[in-house]
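Please go over the structures that come below.
Paired with subunit B in one complex and with subunit C in the other, subunit A is shared by the two complexes that follow.
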Partner chain A sequence: SRRHSVNRPPTPDVRDDDDDRPKKPSLLEIVNIKLIESGEKERLMELVRERLVECGWKDEMGALCRAVVKKNGRENVTVDDLVRAITPKGRASIPDSVKAELLQRIQTFLVSVAH
Partner chain B sequence: MSARNYSFTTPKPCKHLVDYKLKHGLKGYNLIQDSLICGPYGTSMINKPKSEIPRCSFCSGYNGRFYMCLICSSVTCRIASESNHTLLHSESNDSHEIAVDIERAELYCCVCCDQVYDPEFDKAVVCKKMMGLPENGNGGIEGGEFRLSKRKRLDFGADFDLKSVKRLVLRKKQRSKSCFPLGLRGLNNLGNTCFMNSVLQALLHAPPLRNYFLSDKHNHERCCRKSSSDKLCLPCDIDVIFSAVFSGDRSPYSPAKFLYSWWQHSENLASYEQQDAHEFFISVLDGIHEKLGKASHAIKDKEDCQCIAHRVFSGLLRSDLTCTSCGFTSSTYDPCLDISLDLNISASSSSSDFTSKPNETIPVSTLAGSLDLFTRPEKLGSDQKIYCENCREKQNALKQMSIKKLPLVLCLHIKRFEHSTIRKMSRKIDRHLQFPFSLDMNPYLSSSIVKKRFGNRIFSFEGDELDVSTEFEVFAVVTHSGMLESGHYVTYLRLTNQWYRCDDAWITEVDEEVVRASQCYLMFYVQKVICNKGSDDMSCQPVLPLADPFVPIAGYC
Partner chain C sequence: MFVVDLQLSSDIFRDLLDSIVVDVASESHRIARLGLDRNLDLEEEELRLSAEARARASDPSHSGEANGKYIVDIFGQSHPAIANEIFDCMNCGRSIMAGRFAPHLEKCMGKGRKARLKATRSTTAAQNRYTRGSPLSTQTPYSNSTSMNRSSNGSSAIAGDDYSNGNLEEP
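Moving on to the complex of A and B:
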């Protein structure tokens, strides 16, 4: 018969002492830590800021924020509201050239720390 | 929309901030001062050891924004509204409610989940920043000019002698289409001289300049310079043009004598070739200054030149060089007769419409964009390191321009002609520039620019120049159409709310839209307080000292 699933042993419980042990850092975390410790992350942040100012992205976000404040009233807007409001359009309107440049830089960095 | 004289009003503190202040006063702020360092753009931030990354005391995460509690200095993170450990911190520690954004050195209330503002906090940040720096080369602490700025004396450039000026008051409704205001007269083209005619039209209608010549401040018949050896006096020739254009005679006028005089003044530009209108504008002002200014070869005095050209057009630009390592800034001031702006090419349309698709942004260049570009901090290349007095070594620097003093009449020059010495060619940028008829120059003042440099502060310094008038109205636009070598200049004049197109000898009434769609090259704005654009109801207005007495006359053609 095909009812093997019924006879399957129960899913093992997660053992309690796993929670006490420090979690092994993921690859993403290791990369991020390396980026920060070498100062490269700060440089990349500066680069991104510069590019986003140059292409007018920052001004556009500023205008969006002003629109939100105007609509809801100055007293009724928090930083979180603004972030939530502009994040979708913000992420979508990053020029491809900026993304490409950033990826290139990160790639170069990864190659350099691999050695 | 906002109150005229204030670029901000201090927001009310939340009750948590109030409680905190009552309990702790300025203690926490002063402690923070010790941890403040200079960030990459010269703004303040909380020091964190480079080798360590900030981690949230709750989750050990390293993403999002970090806040340091003012009471216990523990650091927590906040990732927008998804995960807010600053809130958890305040919930698990009684009255630990106020924190500082580590990246920005700005106050935050954990309970309200929002930024809060306290002038005393900002003062602490700003003071710390400046105390750590020596006096800059100009003898003043950078940004620390706490004195109140002197009330700006509005200089009209001429005292209006009403007796020598005809007063004509009429009702606008009676004005027929063919009746133009006084002072509108076509100028004949004397051989590719549209560059001259276009600028002359703008000068003829620059309120302080017009008032000066029409109130006889420089009379060409009485001028003593005529008897001098060179017999050359541009102000005299200009006076002649004013008299001719405002005489009431509507037939096109030929400014031949003026052209001849100008050729003698600017020998290198004397030819029948088309010249650059901007170059002509500067050389005319120079010609006026030469005759009417103080000894032109004298060493630059502390006093400003009082010749009419400078009194009307001269402003002061400030150039700041900031060391990116320590934030030390040195400033230099240079007078200017105009501001040359690059077109904001990479602009995307700043529509506040959320629903527009991301790929539909149409690049629109605006005057505001160009002015932003002009005052934007520019990172100097690593081959352009400057010597920082504070660090005592060459460092990377940021350069930033701003306007220290606005002139009465602001001439904005759009750099449409690109000359490349390398490729030995020039080209014209035809891109349309959107410009407003009413312009507020406040965001480009040195006080505004410097304030932004300290980050998001609710603290007024440099006197904030609240009483400086920054609102301008456009009154003339010199446009260029066609190619670089064979183009044509046309000026649009705005007189009592009506636009006129001045194309050499031909003057016609046009609608606003025509002006907005034109390709502006030189834009002339006058301070709102000394112009009277004319209200809609012009029936028998009492003539105020500032009012323009030259209102349209019905029946006078």
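Moving on to the complex of A and C:
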């Protein structure tokens, strides 16, 4: 589906980016490439999506979005508004079981590419 | 070769989550901008209203098709079997009931026996010699209209006309 942002670059945390020297690809970037090339990233995305729908997380985020739309006005709201509004709550309200399952999968993958 | 880094797997998980958040936000944005959330509410409202209407319709205290004498339509109106609005015929000027207008027009405009006789009588004798029957029946020699068939027998020799509806209107 076109909406899946498999290849979206990682949301940057606040980082000290004052250095001008050319950066070697970070470990994260290397791993990301491996994730995408192997198709594991797509599988992980599907898994997370499924889990987050099951536990009602997606509906909660949808409700949050509707609240933002109501506040800002339907014509004025941007995707960025919505992303900024739901990211903190979204990250915080992931069920522990879902997080654990995903971390397990990721670590298994990391082990497999390390060899 | 590296030791499995917990921070790394956390970062990867966070990236996945951010992508999903963008998807959810994008979907909600689309729904909001297209006004589809309005439609969702409307649909629920319509479903509710139609369910209420159904309950009312099946309520035995209302007269419907199964109960009571009159047939009731969806607006709750009942109509008589024959339309009873009255207006003036644009051909002869008489006051006619709407439900009886079609048979009236048939006679008024020349399909019926009396109308044809009347039209025949009103033309000159010379015309009668060349056109058998009413002026209307001479339009096409090949027409299959009943008036044409009948006039071939002579305008005065028509027998056995039967009208399926009872009331003859005398011109």
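Note that the second predicted complex is superposed on the first by the 92 of 115 C-alpha atoms of A that agree within 3 Å, B and C clash if a C-alpha of one lies under 4 Å from a C-alpha of the other, contacts with A are read in each partner's own complex, and residues count from 1 in each chain.
One rule holds for everything that comes next: contacts are C-beta pairs under 8 Å (C-beta built on N, C-alpha and C of every residue); 3 or more make two chains touch, one makes a residue touch a chain.
Given the structure is predicted, the values throughout are model-derived calculations rather than measurements.
Applying the stated contact rule after C-alpha superposition, one finds that A:103 touches subunit C and leaves subunit B untouched.
When the two complexes are overlaid on their common chain A, residue A:113 makes contact with neither subunit B nor subunit C.
In the overlay built on the shared chain, the residue A:31 is in contact with subunit C alone; subunit B does not reach it. Ranking subunit B and subunit C by residues of subunit A touched puts C first. In the superposed pair of complexes, A:87 makes contact with subunit B and with subunit C alike. In the superposition on chain A, A:67 makes contact with subunit B only, while subunit C stays out of contact range. When the two complexes are overlaid on their common chain A, residue A:79 makes contact with subunit B and with subunit C alike.
In the superposed pair of complexes, A:48 makes contact with subunit C only, with no contact to subunit B.
Taken together, the two complexes place residues 32, 49, 62, 66, 74-75, 78-79, 83, 85, 87 of subunit A in contact with subunit B and also with subunit C. Residues 3-6, 8, 10-11, 27-28, 31-32, 35, 41, 44-45, 48-49, 52, 58, 61-62, 65-66, 69, 74-75, 77-79, 82-83, 85-87, 90-91, 94, 99, 102-103, 106-107, 110-111, 114 of subunit A are the ones that touch subunit C when the two sit in their complex. Against subunit A, in their complex, subunit B makes its touches with residues 11, 40-41, 50-51, 53, 62, 80-81, 112-115, 344, 346-348, 350-352, 354, 358, 361, 369, 372, 376, 379. By the touch criterion stated above, subunit C contacts subunit A in their complex at residues 1-2, 4-6, 8-29, 32-33, 35, 37. The residues of subunit A lying in touch with subunit B in their complex are 32-33, 36-37, 39, 42, 46, 49-50, 53-57, 59-60, 62-64, 66-67, 74-75, 78-80, 83-85, 87, 89, 92-93.
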